[in-house]
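Single-structure report; data block below.
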Amino acid sequence: MVLKRFTKMENASADEMVFGQTKHPVKMGLDQVMGGGDVVPNIKVAPAEGSEESIDGLEATSKNIAFAACERAAAIGLPAMQIETEHVQQQSISREASERCTAVTFEELEKLHDKFGAKVSLMSTVADMREEENGLRGSEFDIAMDESFEACAQNGASMLCIETIGGKVVSDYGISRGDVRAILYGIGVLGSIDMEYMWTKIVDIAKRNNVVPGGDTDCAQANTAMFLAGGLTSKNVSHTIAAVARAIAGARSLVAIECGAQGPTKDCGYENPIVKSIASVPICAEGKNATCAHSDLMGNLAAAVCDVWSNESVYNREEMGGPTPGVWLQSLGCECALMNTATQIGTNKQLRDTYALADKYRDPQGVILSYDNAYEIGKAITAEGEDIYLRSRAAALKAIELINDAVDQNRILLTRFERDTLDSTLKTYEQLPDDKDKFIKTCIKRYGRKVKEHDPSQYEL
Amino acid sequence: MVLKRFTKMENASADEMVFGQTKHPVKMGLDQVMGGGDVVPNIKVAPAEGSEESIDGLEATSKNIAFAACERAAAIGLPAMQIETEHVQQQSISREASERCTAVTFEELEKLHDKFGAKVSLMSTVADMREEENGLRGSEFDIAMDESFEACAQNGASMLCIETIGGKVVSDYGISRGDVRAILYGIGVLGSIDMEYMWTKIVDIAKRNNVVPGGDTDCAQANTAMFLAGGLTSKNVSHTIAAVARAIAGARSLVAIECGAQGPTKDCGYENPIVKSIASVPICAEGKNATCAHSDLMGNLAAAVCDVWSNESVYNREEMGGPTPGVWLQSLGCECALMNTATQIGTNKQLRDTYALADKYRDPQGVILSYDNAYEIGKAITAEGEDIYLRSRAAALKAIELINDAVDQNRILLTRFERDTLDSTLKTYEQLPDDKDKFIKTCIKRYGRKVKEHDPSQYEL
Amino acid sequence: MSESPLAKYNDLIFDNYEDIAVRYNVKIEGPALKPEDDPEVVEILPKEEGVKRSLALTVLYGDKDECDAQVEKALEAGEDPIDLINNALMKGMDGVSALYTKGEFFLPDLMLAGDAMMSGVAICEDKLGHKSETKAPVMTFAVEGDPHDIGKNLIVMFLNANGYGAIDLGRDVPTAEVVKQAQENKPVLMTATALMTTTMTEFSKIVAALQEAGIDTPIGCGGGAVRRDFVEESPQTFYGVEAYHVPKLADAIVDDGKTWEDIRNEYSDIVGEYVAAYS
Amino acid sequence: MSESPLAKYNDLIFDNYEDIAVRYNVKIEGPALKPEDDPEVVEILPKEEGVKRSLALTVLYGDKDECDAQVEKALEAGEDPIDLINNALMKGMDGVSALYTKGEFFLPDLMLAGDAMMSGVAICEDKLGHKSETKAPVMTFAVEGDPHDIGKNLIVMFLNANGYGAIDLGRDVPTAEVVKQAQENKPVLMTATALMTTTMTEFSKIVAALQEAGIDTPIGCGGGAVRRDFVEESPQTFYGVEAYHVPKLADAIVDDGKTWEDIRNEYSDIVGEYVAAYS
């Protein structure tokens, strides 16, 4: 399959980017449109511990979660909502589990729609169970995932998503050692190649079943960097390297769209603003209302140009304020109401800018993900759009430039560790060859040895 | 003691009200100013189950909560934070428990301040353990509370607060039966009288110990109405009556300020915008980031003119994203960052208005608590400022008028139940005497019989 | 009234307020019906015009004064007090319960109807010279240290409305008192309510004290900060989700011999609705 | 580059950005020191100039190639491999651990130093003809169904750096394999990691299988979605909070004979810091 790579920006300027709006809105579910003006809350709750023991258990926990979420949506007057079912392995491995969990969740959404007229949809995310050492292509897991996608699509899923793991074994190695060549190879090259394989299949399944092919996230790689980078006081991964990894992830996650995915992309893809700057598809995002699942330094900034707003994940249990699906849906729904009100009364661009500036200089990651800078990274990517390696490197170099600009203008100070790692990253990337094949060849030699799970043949390399 | 009642507005117009800003900022704790420009997050976590068994247990849970909150504050770069210790009975009943829990919490805050320079303070809220049938004044519990306030003030509390329960036995009766006379008497008259008794004492203790007398909330009464009113789909208390009860609570909770309290008032006082409109003192509020504790219909609106932003309460346990003190502090801190950014870049009034409009017409309670309407209720209160009964009734009548205006202008539709109860409330209130003593006399006769716990002598009636 | 700072947005917001918030309560409201014309209530109330139908209607409308007056008059006219309780007062209350359950009636309707019914029953009992029969005694209390009792008061009202004899111990009730009253009253079910994390720990202490006294009555525990998982750490308990579930749970014990373990396993079935905490 | 829509706010925001966010990491950063000049490291490294100090420095700087070369050269020159391991390579690693603990070194420093040290040790062991002594074997794995192993890899590195023999079973490890390896290797401690709610349930299955096989080795359980309360529902376990705690927990077992119950009770004391989840 020959992809139509993005070589120009769908947005004419950064200012065209704002939450809730895209040039390519997507219809799905029951009366729902994503990226067509309003931001929609996306609630996601982990199956209860023990529920994975049987399909009955998985179905019951799915119903329980959906019921509690729908009940709250009606109680507080949410015009629209989306439930995301993010499969655990036990759901994706079994066609029956995929079918029944999807069906029972959609049934609750349908009731909410039929009784109250709420706009609803179901995002089904199949677990990427593949392991590189046991085969990314054609392995048992790979085939089971295809089946699971089919099962979801035929039982109520409005859209299909995944968090592909291609390149993770190499990028993990690079992230923990600050080896930025491994990061570029793992995310920009291997990740992009694997996405093309997976997304060609997913788009095909979605089309055949008349549901929306959604999107991906670089959860397995750039989020590993972000989570290990942690808070300001953490001493693990450099936050400047995490920022660079994220910029590369922008070039990578775009591949889903190039394969025909329409969005919304997945919430935990913090690179989504870059993808949206290029493709103007709806994106899902998470931030200050996903603290149940993780801590990041971009709680507001992540909302600036989102179209769907998510809590990432939470235990299914009781709070004083009720079951967690309702508790977190309400926080999300409120934030969406704020954004949608802003859109109606024309304060949306001010709100967008306030979101962005609240975090833009809290951390280097915020610098490059602020929508104005994400747009610049998007331009760097499209300028080299045909070459997955060159565009990934261009994204990285642009990110470094943007961080250095912010430092030069005295808007952010870096720690010595951040400063040193950024400088050495720049030096490394500047010295890389301009030829993809040459780069790949060196990397195979280097990481084939250092990373025992890495198998280039899984990427047809 | 003769109080200086408010008979005019400290704010010249509704537009002067905005989050973070007051005419009477309050300094407290270590380098902290409330209502002086920035909004500060206020985190509050319930002592773990079982910790109440011993003072050691209470001290350990206090330290645990404070530690986790301070660690997160540093990790995400919060410039300022407040911890609130809302006592359980076992803390307030024991001078030693009050001392040790306060001291250990403040110690953690002090460390955060000393190591990082964060601005910090500690709000200590003593539990109102009194029961009307066993004596509101001079009873054992009443005396223990005085001791607890002293102990807090002398061991690190930056400010003292309470949620007084005067009048609750009567208002509970009224709320569950839709008896609006009982609501007016319980909140407006009994609540105000009891507050004067308690707050005269608290202000005295605070002054002697050089800490800030904070404020109160009508948690015991108006929140009972709000919680029973519940969501849109609940079928218990009328939401229009809950709105009227809230307006009356504005006249009641003002009494703390009249006694010398300086704010911030307590988070769960949804009547705080009315108090702020009149007195321009800092207020604490809770909404979309307090879904852990309860569900309300004003998640954004509550933020519009707040100065301190709270999560109300949460179990102390682990989420995937870490311990709950950190998880919820982070959500709060993000919202404060959004507001403070808006203040800096001049988008604060737009943000305030967006907050307000997101909920103003979701429910009748939102209609009257939107800061513009809260201001109108404030004016109605100050016009009758000298008389606790007349000003409470004036607040109620203004609230009814405001809801009816919104209905007339087609901005909100009421259910039949809301419509009928609002009409009958108006009729009842219009027919009441204009004389406080006459009203009280009738009420004593009526509710002395119907509410067996009610003891007028506890209010010197 | 001065112009609101929000007025400038008026033209922008009202056409599409449903994109921000939908008042579903208004949206789904059916046509207005007189309560006695509701098809379910028609089946419940005495059909024949006369004193019993009239009395049932005073309960349906929560009119205690009128109810009292009609009961007095009927008794003077020689009506049987037991007949009045069972076939007039209770029928009115059954109608109220039906309307509450389907969302047509609200809490105040229920409370006022309960007040009227209980008052009417008391007058009849005066005449009888003894208490009327109830289905069974059920004991209710808010635990020690907890001054909140509105939830408990709702339970009492639902119990009385459904023919149970509610023995209300009040609020802030010491464990020893619970044991003593349980020994005296032999309830088929107790409900313990708490609002705070640190008062819900009373549940396990109460269970321990009851077990020592050899009392194994099921205890429904619920309230503000109470969680199912915490409640279920103690035997003999189950987690009560809504006040109006209590009579159905009592029925399950009295009519079907269900144990506390059965209730834990079959909660949703017993109360006849899907309950997230128990599914 | 086109002008950012945010540029118009530039004059307004930068003077007081500290009211919005404070970069505490920058704010509290001390003066830069060469790692070998850190007072604590000075005490650890061989003081005398020569092959051992030089080798320790290659580890401190994470320079594996240089480390390999120097080890080869030193062995050729007749240095004792055991002496090189204990008094050069491990000393360098001790310096790295000290700097990491005090926040001067970061994860990559640690990983690269670990790579260098382990490579140097391997060359020495080649010379020796057998494995060098470790403090004790510790087994590590990510549970069945869980493909995430970065946390487990950190643990392996901390263990090796602290003189333990890490037996790394990898990720997605079936329970039967855990039992088999435990029987063969007789570890003093195992660590099981999981990232998801539905894989952390493996912990109890592993415990059951180990108990059936009569193996009572303590198991530290941790990772993404793992909670202490859930872990502690199974005996033989404790909840591991940070990867760098593992060597200290192993020390507590090996040196002080602590049991899994002791570790639950004394976690904060053992790791030498206040840990919210365990206090």
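All chains are identified by letter, namely A, B, C and D, in their written order; residue positions are counted from 1 within each chain.
By our rule, contacts are C-beta pairs under 8 Å (C-beta built on N, C-alpha and C of every residue); 3 or more make two chains touch, one makes a residue touch a chain.
Protein names from UniProt, one per chain: A, B = Methanol--corrinoid methyltransferase; C, D = MtaC2.
Fair warning: this is a prediction, and the values are worked out from it, not measured in the lab.
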Touching chain A and also chain C, the following chains: B
Smallest count of steps, each to a touching chain, taking chain A to chain D: 1
Farthest-lying chain, centroid of Cα atoms versus that of chain A: C
Chain centre separation (chain B, chain D; CA means) in Å: 48
Approximate Å spacing (C-alpha centroids) for the pair chain A, chain B: 40
Euclidean distance of C-alpha centroids - chain B vs chain C, Å: 30
Whole-Å gap separating chain C and chain D, where each centre is the average of the chain's CA atoms: 58
For chain D, residues contacting two or more additional chains: 9, 13, 17, 20-21, 23-24, 225, 227
Touching two or more other chains - residue numbers and ranges from chain B: 46, 71, 74, 77, 232-233, 313, 315, 320, 337, 340-341, 345, 353, 357-359, 362-363
Touch-based graph of the chains, sorted into line, ring, star, complete or other: other
Pairs of chains satisfying the touch condition: A-B, A-C, A-D, B-C, B-D
Residues of chain D defined as touching chain A within the complex: 1-2, 4-6, 9, 13-14, 17, 20-21, 23-26, 29, 32, 100, 103, 105-108, 111-112, 115, 145, 147, 149-150, 153-154, 171-172, 196-201, 225, 227, 230
Sites on chain D touched by chain B in the complex: 9, 12-13, 16-24, 27-28, 224-225, 227-229, 274, 276-277, 279
Sites on chain B touched by chain D in the complex: 37-38, 60, 63-64, 67-68, 71, 74, 77-79, 115-118, 317-318, 320, 323, 325, 337, 340-341, 344-346
Chain B to chain A touching residues, read off their complex: 46, 71-72, 74-77, 230-234, 287-295, 297, 299-300, 313-315, 319-322, 326-328, 330-331, 333-335, 337-338, 340-342, 345, 347, 350-351, 353-355, 357-359, 362-363
Contact set on chain A toward chain D in their complex: 13-15, 46-53, 88-90, 129, 131, 165, 172, 175-179, 224, 228, 232-233, 235-238, 313, 315, 349, 353, 356-363, 370, 372-373, 376, 410-417, 421
